[in-house]
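Letters A, B, C, D, E and F mark the chains in the order given here, with residues in each chain numbered from 1 onward.
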Amino acid sequence: MIELGKYAGTVLAAYGVSLALLAGLIWHTIVANARARRDLERQERNG
Amino acid sequence: MSLLAVQDLAVSRGGMRAVEGVSFALEPGQALILRGPNGIGKTTLLRTVAGLQPALEGRIDMAGDCVAYAAHADGLKGALTVTENLRFWSSVFDGGPVAPALMAMDLEHLADRPAAALSAGQKRRLGLARLLVSGRPLWVLDEPTVSLDAPSVARFGVAVRAHLAGGGAALMATHIDLGLDEARVLDLTPYRARPGRDARPAGFNEAFA
Amino acid sequence: MSIWEYANPVKFMRLSGAVLPWVAAAAAICTVGGVLWGFLTPEDYKQGSTVKIVFLHVPAAMMAINIWVMMLVASLIWLIRRHHVSALAARAAAPIGAVMTLIALATGAIWGQPMWGTWWEWDPRLTSFLILLLFYVGYMALWSAIEDPDSAADLTCFLCLVGSVFALLSRYAVLFWNQGLHQGASLSVQSGERMSAVYRHPLYLSMLGFFLLFLALLLIRTRTEIRRRRLAALQAREIRR
Amino acid sequence: MLALLKRDLSLATRAGGGFGLGVAFFLILCALVPFGVGPESDALRPVAAGILWVGALLACLLSLDRIFALDHEDGSLDLLATSPLPLEGAVAVKALAHWITTGLPLIASAPLFGLLLHLPAHAVPWLVLSLLLGTPALSMLGAFGAAITVGLRRGGLLLSLLVLPLYIPTLLFGTEVVRRGAEGMATLTPVLFLAGITAGVLALIPFAAAAALRVNLR
Amino acid sequence: MLALLKRDLSLATRAGGGFGLGVAFFLILCALVPFGVGPESDALRPVAAGILWVGALLACLLSLDRIFALDHEDGSLDLLATSPLPLEGAVAVKALAHWITTGLPLIASAPLFGLLLHLPAHAVPWLVLSLLLGTPALSMLGAFGAAITVGLRRGGLLLSLLVLPLYIPTLLFGTEVVRRGAEGMATLTPVLFLAGITAGVLALIPFAAAAALRVNLR
Amino acid sequence: MSLLAVQDLAVSRGGMRAVEGVSFALEPGQALILRGPNGIGKTTLLRTVAGLQPALEGRIDMAGDCVAYAAHADGLKGALTVTENLRFWSSVFDGGPVAPALMAMDLEHLADRPAAALSAGQKRRLGLARLLVSGRPLWVLDEPTVSLDAPSVARFGVAVRAHLAGGGAALMATHIDLGLDEARVLDLTPYRARPGRDARPAGFNEAFA
């Protein structure tokens, strides 16, 4: 296990927050895209 | 020379074509009435002619600064009196005097009333009086006689005829009879943009079709 | 064939669909690689292990600014050549930029706690980023408030132009207002004390990763926007009798 | 142009037009702050200049929110756009009318409110000068924001969101003038910056605002 | 009632409804104040509680200004008044919808903004508590002001003017809670006062507001 | 029993009497059309009957909560779709289902359109559909057919007849022909409050008489 010293909390918090924000952004991007594609395909099929 | 020449015009609203292929010309002294069912695009066409929105296709030829446009909203300030409202529009348009317009629309006895204290029909009459002071040759009117009683409709007819006789022209959309028998009528129904699956969206590379 | 051809949505969809997997894969490799490498670097003698934060903080800060510049360019293209794809790309970029700004602010704030003994200080650099965040928020709020897509594109474009000028002005105004605590740019050549290679190389990699990540997300989000537009057009077509 | 200015001024001074409300809001804000901050003059003095500027800015902002919205609703804007008046001119005139009805009273009353907040007396001229130089830019930028949000039903808050970041440089240099004035330091630089920003805004923003209006009328 | 609540919430969260704008405005205000007051944390700390409360209050106020005005303009209010719904209930529901869409997000974000203004950490729970107790009263008093000004064309500023004085007690006790909390003193008294004011307002103001609405519809 | 009985009613607007001495009664199944020149006080009278403003003199007898009022402003939210708008009003009035109302006003194909994207006539049709879902027996309508095209006016006539046949009643003000031949007409002109020097201000002890 990597040694973080007395700043472990700080470093982990920084990585945690950033990765959470990035993950949220990526998740939102992918979900919105999938939804748009699904809706569009449904529309093209029976529209 | 004609005051307004519209060639093969297509207009759009909310990203969809409304009417297309409309052509007409208005000479001085002529009036044209647009008809058609609700939602076909009369208002949209009039706004396009007035220069408030761009045409999708086709061309509109007319001299600059010759349109006086009147829609449902009359551009009145409730806090100003009838005279003050008219005088303001007259000076913005470098137009004519206020008194004859008041007379023509039978508003003299209301001249000092704030516009907020007018009934629906009185407001509309004031909106029409604005046309008279604008001094513009081409009137573009969207349902001008809404809320007017029969004598006021007749008064409106007189005003339009006087305007035409003075070399003006008028383009109007309406559902009810204006009592202007000499006006040509253009029914927009045949120009409706193709409906159903064929309907073409307006713009954005025609929605990639 | 000119580059403007790709402003055609069909062409854009085809091309972006083709390159997207590659960009996404590269982005994943570089981001994960850079951040992981950064996480495993040894401690700094002065800053301790907090130096590892730099591998998130600096790329995010850099992208936050660059994304705004990209939005400005896209807005100008829309204004001058009226290519819808470019307006939609500007719209798609804004949330990414906002998140990057947030990451820079959050990592900076967390970093500030041990280094400066405070979560937040009205230092010019930090303040400028807060202002940048405000501009991002306003830009996105305006996009979502306007219904007609073309009007929204035009109005947000005006906002972006005026906003850019004022963001720059604010930057200088803030400098005038308060001299700060924040590091200067130690990657730049002029600065005397350069970062040692141990930190520099993973930092470069993670910057590249963030850039590629932005590119991948931008492509996906632009595709989403285009699909939404087409969907709306199809629905309107159906309603119309 | 003159007719428009006259109309806007007379609308503002008519009953219900809201003339003087800006000052009243400013007063209330200045009165509220001691409640929040505590009444000690030592606590108030250092923040006085800032509070006064922020208060003036908010009063300006709030009164501006419907500068075009009212004209849009009753159709006047459509008519103005088809009138011989250039839209840029109309924007400039409306911003001017707003400044006269809101900015000027604010400037006139600011020294009084400075007293309430224990602003040092020798800083008062600087306060007035900075407001005189800065508020025209506030009005014009606000007109830009109002033009962008004119068609929206809940434009008020969005307008604030868009405009307040644009106000930052003006606010910074404005308070800087007062602060330096209060401390007896040289004020030339911030005064010049302030004047420069205002000049630039007055010269360029009317075009952006008119363009935004045209888009919104489509 | 439920239908009205659902409609107001869905209108607020639709595009253009302005959900989240209150928080954004709050953020901007918290960011602007240091620009005016100066960046030093020593200058900011004592005013933080006050600024936060004034900011929340203004965000609340601004988003409220058109709570009835929109319904008045499009005729909904006439129709609601002739519906079987008691007007008092409609007022209460509308204030509730406003609180959910504005007050709650403000409360949730206040701790973060407290950070920006260097509010001491142990005062944060008190800030949240005081806002939780106080903001419902702000929404309801705002609804009263909005009901009084509903027919007026430039209601916004007048509304602020009428409502801000009514907000003073809430503001006073709210900041007092935070200040005492920050200094580790007993907070029971101001908390009780705050809760009492809110309870009284919630119980009585709907009737006053409904009466004002009836007058304005005449 | 009659649904609405108006006895010797006087109404005022802006502090002046508009009409006075008006009496009429509406039984279930009846319709009454108010006519009169602009500004005589039709809108004022209708608002008084709907309970939105107090009567100056005379009495209005009717069951509580039986009025559905429709004026120029239709109470529509532009951000909500046609169906959502109707459903809201239906649940506020504890009224009927939405689908038949949509059908009656020919709005089915617009059901999912936001109300902001309707043309003037389509909006008005939606405003009338609201009456159908309100489930109230007495309709009070101010110029209901403004902006409607001819087929829509006919559709409105059908809806009113169905309402009357179901035991409802309708009180309408209009300047144009609604195509409801069975309706009684009441011209307000004779009831105009005495004009000129005799005109009495309304209220405040009749402004000191």
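Here is the rule we use: contacts are C-beta pairs under 8 Å (C-beta built on N, C-alpha and C of every residue); 3 or more make two chains touch, one makes a residue touch a chain.
The model shown is predicted, which means the values in this text are computed figures rather than measured ones.
Engineer: Which contact partners do chain A and chain E have in common?
Structural biologist: Chains touching both chain A and chain E: C.
Engineer: What is the touch distance from chain A to chain D, in steps?
Structural biologist: 2
Engineer: If you tally contacting C-beta pairs for every chain pair, which pair wins?
Structural biologist: D-E
Engineer: Between copies chain B and chain F, are the contact residues mostly the same numbers or mostly different, with half as the line?
Structural biologist: same
Engineer: Report, in whole Å, the distance between the mean C-alpha point of chain C and the mean C-alpha point of chain E.
Structural biologist: Chain centroid spacing, chain C to chain E, equals 34 Å.
Engineer: What is the distance, in whole Å, between the centres of chain A and chain F, each centre taken as the mean of its C-alpha atoms?
Structural biologist: 55
Engineer: So, what's the distance in Å between the C-alpha centres of chain F and chain E?
Structural biologist: Taking the mean C-alpha position of each chain, the two centres sit 37 Å apart.
Engineer: Using mean CA coordinates as chain centres, what's the chain B-chain F distance in Å?
Structural biologist: 28
Engineer: Going by the contact rule already set, what residues in chain E reach two or more other chains?
Structural biologist: 15-18, 21, 24, 28, 35, 73, 153
Engineer: Please output the residue numbers of chain F that touch at least 2 other chains, ranges allowed.
Structural biologist: Expected reply: 72, 78-79.
Engineer: Hunt down the residues of chain A that sit against at least two other chains at once, touch-wise.
Structural biologist: 47
Engineer: Once bound in the complex, which stretches of chain F touch chain B?
Structural biologist: On the chain F side, the touching residues are 14, 36-39, 43, 72, 117-122, 125, 143, 146-152, 175-176.
Engineer: Quick check: in the complex, which residue numbers of chain C touch chain B?
Structural biologist: Touching chain B: residues 8-10, 84, 148-150, 229-230, 232-234, 236-237, 240-241 of chain C.
Engineer: Looking at the complex, which residues from chain B come into contact with chain C?
Structural biologist: Chain B residues touching chain C: 14-16, 193, 195-197, 199-201, 203-205, 207-208.
Engineer: For the complex, which residues does chain E have touching chain D?
Structural biologist: The touching residues are 16-18, 21-22, 24-25, 28-29, 32-33, 35-38, 43, 46-47, 49-51, 53-54, 58, 62-63, 65-66, 70, 73, 152-154, 156-158, 160-161, 164-165, 168, 171-172, 175, 179.
Engineer: If we count contacts the way the header does, which residues on chain C are in touch with chain A in the complex?
Structural biologist: So the residues of chain C touching chain A come out as 35, 39-40, 43, 48-50, 52-53, 56-57, 60, 95-96, 99, 102-103, 106-107, 110-111, 113-114, 213, 217, 220-221, 223-224, 227-228, 230-231, 234-235, 237-238.
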